[in-house]
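In this document, chain identifiers A, B and C correspond to the written order of the chains, with residue numbering beginning at 1 in each.
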Amino acid sequence: MIRSILLHGIVIAALIGLEPVLSEYHHGNLARIMVLAAYATGYNILFGYTGLLSLGHAMFFAAGMYGCALMIRLAEWSVGAAFVMGMICALIAGIVVGLLALRTIGVGFMIVTLMFAEAGYLTILYFNEYTRGDEGFTIAQSVRAIGNLDLSDTTTRYFAALTLFSVCLMASAALVQSKAGRVLVAIRENEDRVRMLGFDPFRYKLLALVLSAVMAGAAGAAYAVLFGYAGASFAAVPYSIFPLLWVLLGGPGTTLGPLLGTVLMFYLVDYASGTIMPGLASLVETQFGIEAPGLASAYLLLVGVALVLLVLFAPKGLLGTLRARVVPWLP
Amino acid sequence: MAAVAQLEATGLVKDFGGLRAVDVEAFTLYEGEIRAVIGPNGAGKTTFVSLLCGRFPPTKGCIEFEGRDITAMPAHQRVTLGIAYTFQITSIFGNLSLYDNVALPAQRRIILDGTGKVRDRAMAALERVGLADRAQEQASAQSYGHQRLLEVAMGLALGPKVLILDEPTQGLADSEIAEFIALIRDVAKGTTILLIEHNMPVVMALAERITVLDQGRVLAEGTPEAIRADKAVQTAYLGG
Amino acid sequence: MDFLSYLPFTLPHPALLLAGVLEGMVLAAVLALTALGLSIVFGIMRVVNVAHGEFYMLGAVLAWFVTHTVTGTVGGPPWLGFAVALIVAPLIVAAIAAATDWLVLKRLDYDPEATIVATIGILYILQQLALTFYGPDARPVEAPFDFRVQTPYFGYSGYKLCVIGAAIVLMLIVWLVLTRTKIGLVMRATQYDRETAQAFGIPVDKVYAGVFALGAGLAAIGAVLIVPIQQAHYLMGGDPLLLSFIVVILGGLGSLKGTLVAAIFIGLSDGIISTLYEPTLAKILATLLVAMVLVFRPQGLFGARAA
């Protein structure tokens, strides 16, 4: 328990300590990473701890994003109120989807969540008038402020993202140590047994899903406010696959796995699209004489390869494998 | 000693498609007794007991626990009322430690009681089955016999009124069976036991009364001596 | 007739309606082939292949490469290019699929959840490789022939009618193979009981690779048939995947008859609605319908309740 608190404390302290030393570029990156890591942390609660693989989490992220951004854009709400609204939208979405989707298990659950998310994405496109569809809309810098704090300022933005992530991380750590968390893990291991020990699995799964959705929604709303943009692409399938990838890479069922996975994947893709892919493209063209017009932008290729390799060779992810082999107390 | 009816089934029927797996007119389990349910393979013993603990609903019939109709009650709620079930095919949390396995039912009991510590309850359950020194070991790494004992420990940690054991000695070595008999005798002092068993020596050693099922129906019911002498039972076992 | 003005929508002109129905039939034909591939793979291997749409897309893209080479470099007529493409593209796709099964899915022991994650990865790999070598543009492929069936009221592309015909023929062939030949029998045996089939000396691994290849090949054929009508684009796998899912789930996972009926239903509705009304709304309703079917009636309309 103490070790767990220390560990999480050190991580957060490190993130605080990094702030003054980072360049402008990495500042923005890390802020983005932390918001997305909050999303992944939410996903981890459902996938890593409860064992439910959702393929539609983008709908909760987008619910938060649009719930917040639309209130600012159309109703001129303040950032604080709009953020809460974003979370409420994600909460409602989580409850509705949970009540329906949790009647299925395994593959059925995966497909149902995928379908709901797809319907959500299409709905955003349908109401193009208000949402501007795929193109999305920006939120003016002047509006993005809480009281005196200008959220578009890189330092303020960094700490806002850090606050969001820290809260999600602490919540996730607390859940894992709690009695409810123990039940969730047991459900992942053997749901039938849990029922025969007197727990109602449905109730616990719904709790996990709703909590996961609210975290995702908070991340979505934060993203809109901190980066000033809302677009339908955040509701599309890739944004449901990303948290799965990040959590798988970092280690499902570990509190710090999501952060690790998000950081690694972000920089891998960044480096790849900036350096590796264009380099590879010109290499292929000069050495083999094959035209590869799209290679430079095919960074999703890495996502695909990473997923396949992870699932084949390292389904426990980095921290998960570390926990299994070396550090059994890792939360 | 007045026998108090604790768990009663009336007109209990379960059909699977065209097959009538269970058809029990009347069944009463009395408080504090050790009852064995025996019968040839496919007699419907596990199905019958699954109906009692709510793993699936009956096609027809009524189940009462301590005078209360629980026919429509979901399984997890019946557990909180005091009916615990250990699985025929071992169903534990393999990846978790022995302690974590019993901590969960211990937690349930404590939530229900409103007092107590999970650690105390969990360790007590492990002590009772003799696994306390292995508490931190992983469940799937245990021998089959120890896993069966863990199942019983999980049932005990719930502190149930009725403990249903589904073929608990299957796969155990003789020495383990002897220990098991002693354990159940001890547990039975405070808990009603309903035991499905194939192992006749175990049945004869433990049971106060025996219910014989054949093709989903109650063939005979009575003391071990009466059952042993019953012609119909002999035919069912030898003929079936 | 006056009551028509009270309807909440406008009735289309009969010719337009007929056009909608025929468009729907073309869609249904190709969709049925594609969904059949998905259904066979799930029915026999119990595996959900999320990359199915990409195999479809590969069929179209490879068809473009082949026709481009045959007509461009070699200088042959369009029908020759198309004919070669119709044979070569599905075979290449089938080979890629078999390799995928052998290298990835087999190692996962066909675990349902792991397979879905793996096929998502394969989806991105195939899609992005297509982006890499084919590029982001949509390119047309010339139809093999160009006649129109012309009646006094109404004209329609002869090629499209042939697509419908070809799809029907292909489905009949597949059905015959599955139910009447030894290969089909072997496939169905592995479906019923993998372990027993293995005990009888059936090389289950190879059968699965073959089934996976067949599923992908059917999708590819569907794509080659449709590519003269639509264009080949690296993102074109998304819609067929979604529609195939809808068809297979509505029809009941593993039921071929259900797949066929659902394909006709979805194809027609999509065709009619898209021609006449708003396609996005139709898709929203369709996805929600699939979700509801899975939640409340998981066996679909025709499938048997899973054990």
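What we mean here is this: a contact is a pair of C-beta atoms (placed from the backbone, for glycine too) under 8 Å apart; a residue touches a chain by one contact, two chains touch by 3 or more.
Keep in mind that what you see is a predicted model, and the values were worked out from it rather than measured.
When you average the Cα atoms of each chain and compare centres, the chain farthest from chain B turns out to be C. Every chain gets a centre from its CA atoms, and the centre nearest the mean of all protein CA atoms is that of A. Between A-B and A-C, more contacting C-beta pairs join the chains of A-C.
Between the CA-based centres of chain B and chain C the separation comes to 52 Å, rounded to the whole angstrom. Chain B has its Cα centroid 45 Å from the Cα centroid of chain A. Our note on geometry: chain A versus chain C, Cα centroid distance of 32 Å, whole angstroms. On chain C, the positions that touch chain A within their shared complex are 48, 104, 107-108, 112-114, 116-118, 120-136, 234, 242, 245, 249, 278, 280-281, 283-284, 287-288, 290-292, 294-296, 298. Contact residues on chain B toward chain A in their complex (touch as defined above): 53, 55, 74-77, 79-80, 84-85, 87, 91-96, 100, 103-105, 107-108, 111-112, 118, 154, 158. Within the complex, the chain A residues that touch chain C are 53, 55, 100-101, 103-104, 106-108, 110-112, 115-116, 118-119, 122-123, 125-126, 241, 244, 248, 281, 290-295, 297-301, 303-308, 311-312, 315. Within the complex formed with chain B, the chain A residues making contact are 179, 182-183, 185-186, 189-190, 192-201.
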